[in-house]
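In what follows, a single structure is set out as structure tokens and then discussed.
For clarity, chains are labelled A, B, C, D, E and F in written order, and residue numbers in each chain start from 1.
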Amino acid sequence: MKRTRKSSPEPAPLLAFGAHPDDIEFGCGGVVTRETRAGRAAHFVVCSRGEAGSHGTPAQRVAEAKKSAALLGATVEFLKLDGDGRLEVRAAHAIKLARILRRVRPGIVLAPSLEENQHPDHARLGQLVRDAARLARYGGLKELRALPAHAIDQLFFYAVTPEAEPPGAMPILIDVSAPEIIAAWTAAMEAHASQAQTRDYVELQLTRARLRGLRAGVGHAIALFPNDPLVLDSLAQVNRSARRF
Amino acid sequence: MKRTRKSSPEPAPLLAFGAHPDDIEFGCGGVVTRETRAGRAAHFVVCSRGEAGSHGTPAQRVAEAKKSAALLGATVEFLKLDGDGRLEVRAAHAIKLARILRRVRPGIVLAPSLEENQHPDHARLGQLVRDAARLARYGGLKELRALPAHAIDQLFFYAVTPEAEPPGAMPILIDVSAPEIIAAWTAAMEAHASQAQTRDYVELQLTRARLRGLRAGVGHAIALFPNDPLVLDSLAQVNRSARRF
Amino acid sequence: MKRTRKSSPEPAPLLAFGAHPDDIEFGCGGVVTRETRAGRAAHFVVCSRGEAGSHGTPAQRVAEAKKSAALLGATVEFLKLDGDGRLEVRAAHAIKLARILRRVRPGIVLAPSLEENQHPDHARLGQLVRDAARLARYGGLKELRALPAHAIDQLFFYAVTPEAEPPGAMPILIDVSAPEIIAAWTAAMEAHASQAQTRDYVELQLTRARLRGLRAGVGHAIALFPNDPLVLDSLAQVNRSARRF
Amino acid sequence: MKRTRKSSPEPAPLLAFGAHPDDIEFGCGGVVTRETRAGRAAHFVVCSRGEAGSHGTPAQRVAEAKKSAALLGATVEFLKLDGDGRLEVRAAHAIKLARILRRVRPGIVLAPSLEENQHPDHARLGQLVRDAARLARYGGLKELRALPAHAIDQLFFYAVTPEAEPPGAMPILIDVSAPEIIAAWTAAMEAHASQAQTRDYVELQLTRARLRGLRAGVGHAIALFPNDPLVLDSLAQVNRSARRF
Amino acid sequence: MKRTRKSSPEPAPLLAFGAHPDDIEFGCGGVVTRETRAGRAAHFVVCSRGEAGSHGTPAQRVAEAKKSAALLGATVEFLKLDGDGRLEVRAAHAIKLARILRRVRPGIVLAPSLEENQHPDHARLGQLVRDAARLARYGGLKELRALPAHAIDQLFFYAVTPEAEPPGAMPILIDVSAPEIIAAWTAAMEAHASQAQTRDYVELQLTRARLRGLRAGVGHAIALFPNDPLVLDSLAQVNRSARRF
Amino acid sequence: MKRTRKSSPEPAPLLAFGAHPDDIEFGCGGVVTRETRAGRAAHFVVCSRGEAGSHGTPAQRVAEAKKSAALLGATVEFLKLDGDGRLEVRAAHAIKLARILRRVRPGIVLAPSLEENQHPDHARLGQLVRDAARLARYGGLKELRALPAHAIDQLFFYAVTPEAEPPGAMPILIDVSAPEIIAAWTAAMEAHASQAQTRDYVELQLTRARLRGLRAGVGHAIALFPNDPLVLDSLAQVNRSARRF
């Protein structure tokens, strides 16, 4: 399979996967809005309707997710796997996700991190997306043959909560300090109005991003964890680092 | 201290530190030539004259290092610390290196990796450079006051041998596949003619780079290990990853 | 269960498991040929027919695997689990593998490594083999009762690709430098002719083995990762180590 | 430098380094006696006279160490570095140790482990020995030139206490179950009679060895941690592993 | 959900999960008896009847487990999941365990550790219990709605064998030195009389506890591994540490 | 040496070490004030006068440190080692610190963490304190003989910045949510008025503590990292854990 770098005018879309209707927004909404404002298309695949949550009906949750995605400049679809709180690592799920990868043909893919000491749906979805990114490249699964193989550029993991950050792994940090970015991200999180605990969640995320920002010498920053080493043509591509103290 | 990103015409220089006259070339020569060909100035600081080596007089070693640096487009200076095979972690050394950082004012700094199971001078120099990068930013050491404080953009570690790669750390990979890059790098390594073992060393380095390249789907690649998280404005900066199999 | 060390004339057979028809050959074929040439029987269990590969029909893949195994001096059987690209970690699979362990009664077992960031079938098969090695020792599962319990001597993991090597784990290295070993191994890899990508794969494996060899001061070497500590009667058994630089 | 494997009649000697007069005996005395009984010469280098201990004069400690070494079939010498409780990582020390390596020309070297959360002299001596093993191979340090370069076969670390075992590293286990081995080891530990705390220490070491033995299905075993991968000609060399439960 | 600390008279019960009838006793029986003697209720959930063991019928195993639990002052119930040697990580299992958590409403929960290189049922049960502790707190799974949500205070992992201890993780140690604690624990282990291998198992556990005790300066100690950081009001709560050598 | 647990009325003092005049306050001031308000004496040993800082004269720094310590209810002394920015790991320093330990005879000791990627003085002081805690227990160093041996209860590391937190280690969290604790801590940090960068530092620390608090379900919390396992008499001592999301 040929691996050509997308050269500008039309960057390959960003595709983000979430286990629940609000995971993407809370975990990496600021990154998404930053990318869409720079002209990259973004699409969300949400793998449950939050039907096991403490608050909000599935219909409400879906409506909130649509509103929230729109605030970030993204489109959204819902995929039924095993249901909220019930996700298992099944080959059939990975194949379904691989089909979506072949259909959307993203450059960047975002998925929840693999740390197991978090909501079990998160880590399992992360595993499934990683497997799917491999299956999408390989030739022969019969469920995939209708669509041409696709190799993504990079898979990044986001952490829905601080506990979900892989300990010891070095993240890349996306600077989301611009007021319009913070505003759009906050609005997207607040769009999940049914969530009683959301208030704390919003503060949790903004506090995390502020702490990352303080450490990096910027206002706010969001950490992503690359699945594979980055390949660079030049060090000029990465000339800022996060060390202030 | 203000932290401004260098915007193009004149990129901040690259500064590489080596414990012995051939360490930089063997460990990351391909990266240096790639950067100098793209218009970035490069300067080497070599912290011994190889006087404990099995072959070659100090004078020969210095001459070879100068020739080799020139082949990579870099300038070189020699710094006396404790001598070859005798380097210790002393605060006075870190302060000396910090002075050089304030004088050269680099963006990118390259230093040998911190793994202790390699030639002891390598890991100790890596530690000293990391400490120096901090001291160069701080205000008050009297030995440093004559020169204005300087914050580098990023410190990357290179591994002189495979054993020196930090296990479990995710590197960034620099694509050095272009024939002129490989040729310049090979010539620079071969310029260290006095070294009886050099023949194997050259094969070792090219085999390493080829293996990294095969894994990344390019010809050859060199791994660098960032000391701190990279801060990005956009994911468009890092849109290739190293996964081919 | 008594644990007696095999004393020479008839060493207990080696049993290798692969998820796809070419995994064993690419990951550790040189080790297998070295052992069979020293008089140890070797048997392969291949857990799919490669039916999801980009190239080659299942019938071709099976024929190639048989030819390849013969070149390494091994016999081969095929086991149907969930199919290529669909393997899941199921207790029923581990029990099937445990039955094979009780039937073949190997000393050494080789299985793909457990790193999850590789083809998902590989890591899952590795897990299943490890579980099976335990179940084969225990008394009571009814599917196993027809065959006497069996305790293997050691389980070693092989890495199909460099990404599959467990980071930070210290391998043992098998010296495969002898020309006839390299020739047999290369022939076995090339026997998988249907695989369009094979050319690169062969170079990948030989480059890996050469790099390991250069580091160890031999021609070529293959890394295996023991599942449990080795027990030795004397340090005379392990009197070479891999440090050349 | 040529690297020839010792072929039987006269195995290269074992050289063990200890920071205090009883470290070698407590940490790996059972291994030493096993090797000397198999016909390998053993020599101890003790790098202080225990002059900072709570009990026993330096003269007593030296006498006890000599008696203890003799019980294990080893010779012993004392080397003055910085003194008990005062050891620092200095290049001059590593060079002194390298001279001893060139003089004794051992195959196997034993040194205290590198974990820092133990008596500070232990970890520092471990580092110095590792560095010395490198310097002994290299050509040119003027303090070393009088003696020909020497490459050891393997460096193993022993842990004086359980806290000193490197977490996560896989050891090799030496079976020391034979009654005469246990008896000689115990006698050697008890020869350090001045040590008030010795009673507990002896129980500590025998309990450790019994626990390792129970896990491995033998009577008693001692763990050693290799500094570099083992290189094997055949898997027949390592056909027992430590898994009983 | 409100999180109130239990203030004395009636401490919240301890709930321990085991995959086989003797796992809790062997892994952490001394801890349980210590807690019950201090007035805390304890309940065991055993997730198979040991029907795949080498010795003992399911009926015998159940009888032994009941006797053993009584010796430790605990009650016991049996839960059928997939059966001995067949446990899989299924969402339905975690939901069943979450129901038990809502019913028993424990403060402390004990579960087998997550290390995969042990009996596969152990690690999988550990994962299921961790997931269940989360699901028990969340509002909405329909199978759970009949019982009010419950947040446990802390989940601790116990290791059935030394291999099951997570390498590199710092445990907390429970002092079980009192003669009546050791006696009750030993009796509880010996109550599993059908187990041919039990004799060794008892010695294994007492040797482990003695080694932990020797290291900590007490008689015997058992290690537990907390799933989440402990939250303290004051350092006065934790004023002993385990360092004797 | 006898190891008796302090039973209430008069808890053993807390002793905290800092490399610079403001390190203790910024890294763990909230913990100190919590302990002193509960009746425990606290003493600070500051190992430089901040003479290499960008702002503030040594005299100002000393005055600020005294004021700040008083606000936390602690006394303070200054110890001259190598000077600010110049600290080295020397045995003589560890012996000096051990003397202070024997003089103050603390239960709890706080020291900067050992992560090397922070200000070099921090990690080195942490190492020296750990070594000193050992030397204070041992009998014989002549510089120490005038004072009776002393075994501390526990050594905890604090992290001056987030970068200094040991990755992957599980901390204990001290709840510092009470308004009077936050107020005293904030005042103590602000007492270091000469520090131009202090403003950000105060926000950094409060943001860190708020993020820890949000995760733990309390207002604010500070993480400490124990050097050795905690030994408990009962799980009732540790009945809260930090998991809220």
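In this section, a contact is a pair of C-beta atoms (placed from the backbone, for glycine too) under 8 Å apart; a residue touches a chain by one contact, two chains touch by 3 or more.
From a predicted model like this one, the values you see are computed outputs, not experimental measurements.
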item	value
Target chain C, source chain A, minimum contact steps	1
Chains contacting each of chain B and chain C, listed by label	A, D
Centroid-based (C-alpha) most distant chain relative to chain E	B
Fitted rotation between chain B and its twin chain F in degrees, CA, nearest 5	120
Chain C and chain D: spacing of chain centres that average the CA atoms, whole Å	35
Cα-centroid distance, chain A relative to chain D, in whole angstrom	51
Where chain C touches two or more other chains at once, by residue number	89, 168, 227-228, 243
Pairs of chains found to touch, sorted by chain label	A-B, A-C, A-E, A-F, B-C, B-D, B-F, C-D, C-E, D-E, D-F, E-F
Interfacial residue positions of chain E with respect to chain F in the complex	3, 5-6, 11-12, 14, 31, 34-35, 38, 40, 107-108, 153-156, 168-175, 216-218, 221, 223, 226-243
Residues of chain B touching chain D in the complex	51-55, 82, 84-89, 116-117, 119-120
In the complex with chain E, residue positions of chain D that touch it	118, 160-163, 167-168, 200-201, 203-204, 207-208, 210-211, 214-215, 243, 245
Chain F residues touching chain D - in the complex, by the definition given at the top	89-92, 94-95, 114, 127, 130-131, 134-135, 138-141, 149, 227-228
